[in-house]
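One chain, subunit A, links the two complexes that follow: it is found with subunit B in the first and with subunit C in the second.
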Partner chain A sequence: MPWKKLAKSDLPAFLAELSTRAELIVPQEKSGKVRFLPFDAAQPVNFPSSLVDVSLKSVFFPKRRPVATFDPADRTKLEPAAPETSPRILLGAHPCDVAAVNYVDRVFIHSSFKDPLYEAERNRTTIIGMACSEMKPECHCTDRDLSPDDERGMDAVFYETSDAYLFRALNDKGAAILKSSLLKETSEEPQKKDWPGGKYPVDPSSLPSADDSLLSPPSSLFQDIADLCLTCGACTFACPTCTCFLISDEQHEGRGERVTAWDSCQFSGYSRMTGGHNPRKTRAARVRNRMLDKFVYTVEKYGATSCVGCGRCAIICPVGRHFPKEIAELSAKAKGR
Partner chain B sequence: MAVELVPRAAALRQVCDESADVKSFTFEFMDSSTLSSLPGQFVEVSLPGVGESTFAVSRLEDGGRRFHVSVKRMGHVTKALHRSAAGETIFVRGPYGKPFPVAAWKGKDILVIGGGIGLAPLRPVVDHILANRADYGKLDILFGARTPGDMIFQADLAAWGRDPGIKLVKTIDVECVDWDGCVGLLPNVVKQQAYRPDGSIAVVCGPPVMIRFTLAALRELGWPDEQVYTTLEMKMQCGIGQCGRCNIGGKYVCKDGPVFRLDQIPSVAL
Partner chain C sequence: MKELRARAGEALANGAIDVLLCWRTEPETGRVKPHVFRKGDDLEQMVFDDRCVHNLVTFLPEVAGHNKKTGAVLKGCDGRALVTLLAEKRLKRDNLYLVTVACDGVKVDGRTAAKCADCVTNVSPVADVVIGEKKTMKPAEYKQLEYIEEMKPEERWQFFAQQFERCARCYSCRQVCPMCYCETCIAEQVGPAWIDPSTKLSANTMWQLSRAYHLAGRCADCGECERACPERIPLRLLNAAMQKAVKDLFHVVPGTDPDVQPPLSVLAQDDPDSLLEGKR
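Up next, the complex of A and B:
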């Protein structure tokens, strides 16, 4: 499909046009961080050169999501939540975040039980991705089988140049969105770059599997890390591929809702059972679970690793744990074992 | 497509006291659908506004038109269930999980070992064998509870005790007047009884510590892991392999289990 050029001065008009055609989600700043929000014409749209501060996980899988409603005074009926079908455009998602969405599809769509609410959110959304123009200090997508200009999973993509945005549709869904008089066909193409790699390489096959007897109880490798860790769960909430959730019933002002809410395998209560038994009661066991999940367990479960190299876990950690570095070191150590 | 996490309404038909803290509940779906559950599978039972918990199906009646769960009073969902009475509406989804491969056990002797409420997921195995008696060899049942009062399924125990095709052994943890069964913890009784592994299958369920030591006792008696099955105590919530909490390494207890053959369980679980 041909390249199309949007002059930077025409961006506000293009955004206004898109927002009349569908609900528009763009990166905007709120409370000091850039995050994906419903387009607000009164606020500047901020396309970071790479990595939006907050991942777009909540666009498809909100942190709190009603799956059914009930009347607290009656409690004999549970009304399933209706899937949302109105069209939506997601503009400005970077390759790592789009790769993360594709991974999450394995959990909620390509599995034995489909989640129709999640699937509806995916189906109603056209993703106009944005290639990164740089790698930030913690970015390491190139060590995770991706690159800053990876277009996989997008319906259309755009690149930023000094005075314009260059768009290209990648399928019919994307082409439909790019039909605008503000976009002009051009022979200009974005310049391809060579991206550096090798910052935090991991060889998943080198990592210990769960039934490695060396790991039961968790080895000192994990104990050293657990000694630093607060198991506050911040990394799991920042991570675009962590999707563990809790099912709970909530009641507010005469309205009852059964919701799924983000949860974290780092919390001691997460796997604690009624009666007190807890299969992962030590921090080391929980740290091991998350570290190996990203590179070993998800391969077993879904045939794919689940780290996209965004580095948000390292950025967010309040005690300076650096997961990408830790797992790369673990991989290197395990190889030498 | 239906949202799998949203359960079907079921009428609570009967509540039966099994012990001081265990009750069995008999349900029937309001829409007259059946529960096509196989031995070892589980359901998610919920009360709107209280919450949802995982329970093994402890009996099917009438081809699944009625089904039982047996519940020990422990947390807030189980307490709310214990307060429920026949006629109330309860919500159920499932069945979920891999069942015991009872069809593959045809022609074999079966040893069923249950500890406390752990007998609940095993009762459908016994029911299946009794309904297809000619397909199986000897049936041994070993049931342990803390005290005689904690012995659940009294009517079944009495019937199994009378059945000449079943060798039933009952044990309690500490000695007690008027008790004519064995006294001792299950792993020790397993060794005393010296159950032989030849061509047999053992199924084990109970509290985690009982499972661990009972499996060790069977190994001591020469049982190969390929002949021993257990159904795991690991926190399940969604039941469909999505919420994440019941994983053992790359396996989900709810989806890849809860029934596991011993050689197929990652060692970190035990």
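Up next, the complex of A and C:
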């Protein structure tokens, strides 16, 4: 499909137009961080050159999500929450975040347990992705089968130039959104770049299999990392592909609500079972679980590794743990044996 | 730094300690982060400067749990946390070798950490080796609370509601806190679930207030909860409010005196009864 040009000076008008056609989600700053939020015309919109501080995850899978309501007096009847169907446009999602959403689809749509609320959020959203123009210090998507200008999973894409944005539709859904008098057809094309890689490469086949891990206690490698890991949930909540949640029945002012809430394999309560047994009682066991999950367990369960190389775990860690470096070292060591 | 390396190297070399918890500059990333040094490790990577913001006492129970004798390098605030942990018998003093280095303040996001303006001990109150000079600091005044105290109750609630709303319940505050070591946290109890696990405002508020209460008379003001919070919720304010009340009632500043027990874990004849007498 042809390239279309939007002058930077026309961006506010284009955003205003989109917001009349559908609910519009864009990266905007709130409480010191750039996040994907419902478009607020009073706030400036600046598309970051790469990596939005907070991932796209909560747009499709909020940290707290009511899935049903019930009458606390008669808990036998559940009223499932109605899926949202009104159209929505997501503008400015970077390739790693879109790749992450595609992975999460495997968990919530293409697995044995389909999540209708998540699927509805996906179906009602058109993703206009944005190619990154740089890689930030912790970015390593090129080591995860991606690149800063990867267009997979997007309905349309745009590139930033010095004075304009160059848009191109990638399917009919995207083309429909790009029908605007503000976008002019152009022969101009974005310049492709060579992106560096090799910072934190991982060979999943070098890592221990799930069966090995189930049958053996964590090795000293994991213990050394666990000594200095808090096992808090900061990395899992920042991670765009961590999808674990718990279900809670909550009551407030006579109303009952069944909700899903983000949970983390790093919490000791996560793996505690009825009766009190906890198969991952030690920090080392929980650290091993998260590290191997991204490259081994999710391959076995959902057919794909689940690290997209955004580096948010390494940015958010309160004690400076560098997960991408650690797993790359683990892989290199295992291959050297 | 030279003296720290020499003393630590000696203790590791002659077997006085098995491991040493200190900060290290990670060569590949340039990050300064906590590290467990062992005999034979390159001590040139040891570092102590204003980037050493982490409270190493948080890691001490885990590391000391599988080593016979553990060394640790402490700032003043880390030391205050350790004083309380020792009083609560969480660690055995005999198994620790403690080096404290006079601290001039640490930086968070390139700026001197807010906690440093309110610091009450520039070296650890408990130590085997003191490197640098112990200074007399100004007493705890909790001035950071003034702007909160000036607010009307409804303004105050609005302020904290805006903060707590952002809480994702990642429990970084709990996990980074040396004082939070309950086997099963109140937030993880399920029968009954005292605190709903989802992130609605009422549950987030319940969580943060519960934690603040559990820190009354114990919080060393190391500021780690506030620094670790991915949403930068100003948690030091809650802790300061508790400690101010404790200071008014019991005349204790947590962690500053190894001979004083945490006031809420002991019963004394002269404990104030103002609450029962209806004065507060």
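Note that in this section the second predicted complex is superposed on the first by the 331 of 337 C-alpha atoms of A that agree within 3 Å, B and C clash if a C-alpha of one lies under 4 Å from a C-alpha of the other, contacts with A are read in each partner's own complex, and residues count from 1 in each chain.
As a working rule, a contact is a pair of C-beta atoms (placed from the backbone, for glycine too) under 8 Å apart; a residue touches a chain by one contact, two chains touch by 3 or more.
The model shown is predicted, which means the values in this text are computed figures rather than measured ones.
Chemist: Kindly classify A:S205 by the partners it touches after superposition: subunit B alone (first), subunit C alone (second), both, or neither?
Modeler: In the superposition, A:S205 touches no partner, neither subunit B nor subunit C.
Chemist: Between subunit B and subunit C, whom does A:P318 touch in the aligned arrangement: first, second, both, or neither?
Modeler: Only subunit C is touched by A:P318; subunit B is not.
Chemist: Classify the contacts of A:S248 with the two partner chains as first (subunit B alone), second (subunit C alone), both, or neither.
Modeler: Both: A:S248 reaches subunit B and subunit C.
Chemist: Return first, second, both or neither, reflecting whether A:V67 touches subunit B, subunit C, both chains, or no partner chain.
Modeler: So A:V67 only meets subunit B here.
Chemist: Can A:A238 be said to touch subunit B (first), subunit C (second), both, or neither?
Modeler: second
Chemist: Using the touch definition from the top, say if A:N171 reaches subunit B (first), subunit C (second), both or neither.
Modeler: neither
Chemist: Name the contact category of A:G275: first (subunit B only), second (subunit C only), both, or neither.
Modeler: Only subunit B is touched by A:G275; subunit C is not.
Chemist: Contact-wise, after the overlay, does A:L228 reach subunit B, subunit C, both or neither (first, second, both, neither)?
Modeler: Only subunit C is touched by A:L228; subunit B is not.
Chemist: Which of the two partners, first being subunit B and second being subunit C, lies in contact with A:W262: first, second, both, or neither?
Modeler: The answer is second: A:W262 touches subunit C but not subunit B.
Chemist: In the superposed model, does subunit B or subunit C contact more residues of subunit A?
Modeler: Tallying touched residues of subunit A, the top partner is B.
Chemist: Which subunit A residues come up in both lists, the one for subunit B and the one for subunit C?
Modeler: On subunit A, the residues that contact subunit B in one structure and subunit C in the other are 246, 248, 260, 263, 272.
Chemist: In the complex formed with subunit A, which residues of subunit C make contact?
Modeler: Spelled out, the residues of subunit C in touch with subunit A are 26, 28-29, 31-36, 54, 58-59, 62-63, 66, 166, 168-172, 174-176, 184-185, 188, 190, 193, 196-200, 202-203, 224, 227-228, 230-232.
Chemist: Which of the residues in subunit A end up touching subunit B in this complex?
Modeler: 67-68, 70, 72, 75-78, 80-81, 107-108, 111-117, 209-211, 213, 215-216, 243-249, 251, 256, 258, 260, 263, 265, 270-275, 277, 279, 289, 292-293, 296-301
Chemist: Could you pull out which subunit B residues touch subunit A in their complex?
Modeler: Spelled out, the residues of subunit B in touch with subunit A are 1-7, 9, 46-53, 74-75, 78, 89, 91, 207-208, 233-235, 237-238, 240-252, 255, 266-269.
Chemist: Sort out for me which residues of subunit A touch subunit C in the complex.
Modeler: Residues in contact with subunit C: 31-33, 63-64, 223-224, 226-228, 230-234, 236-238, 246, 248, 250, 252, 259-264, 267-269, 272, 283, 316, 318-322, 325.
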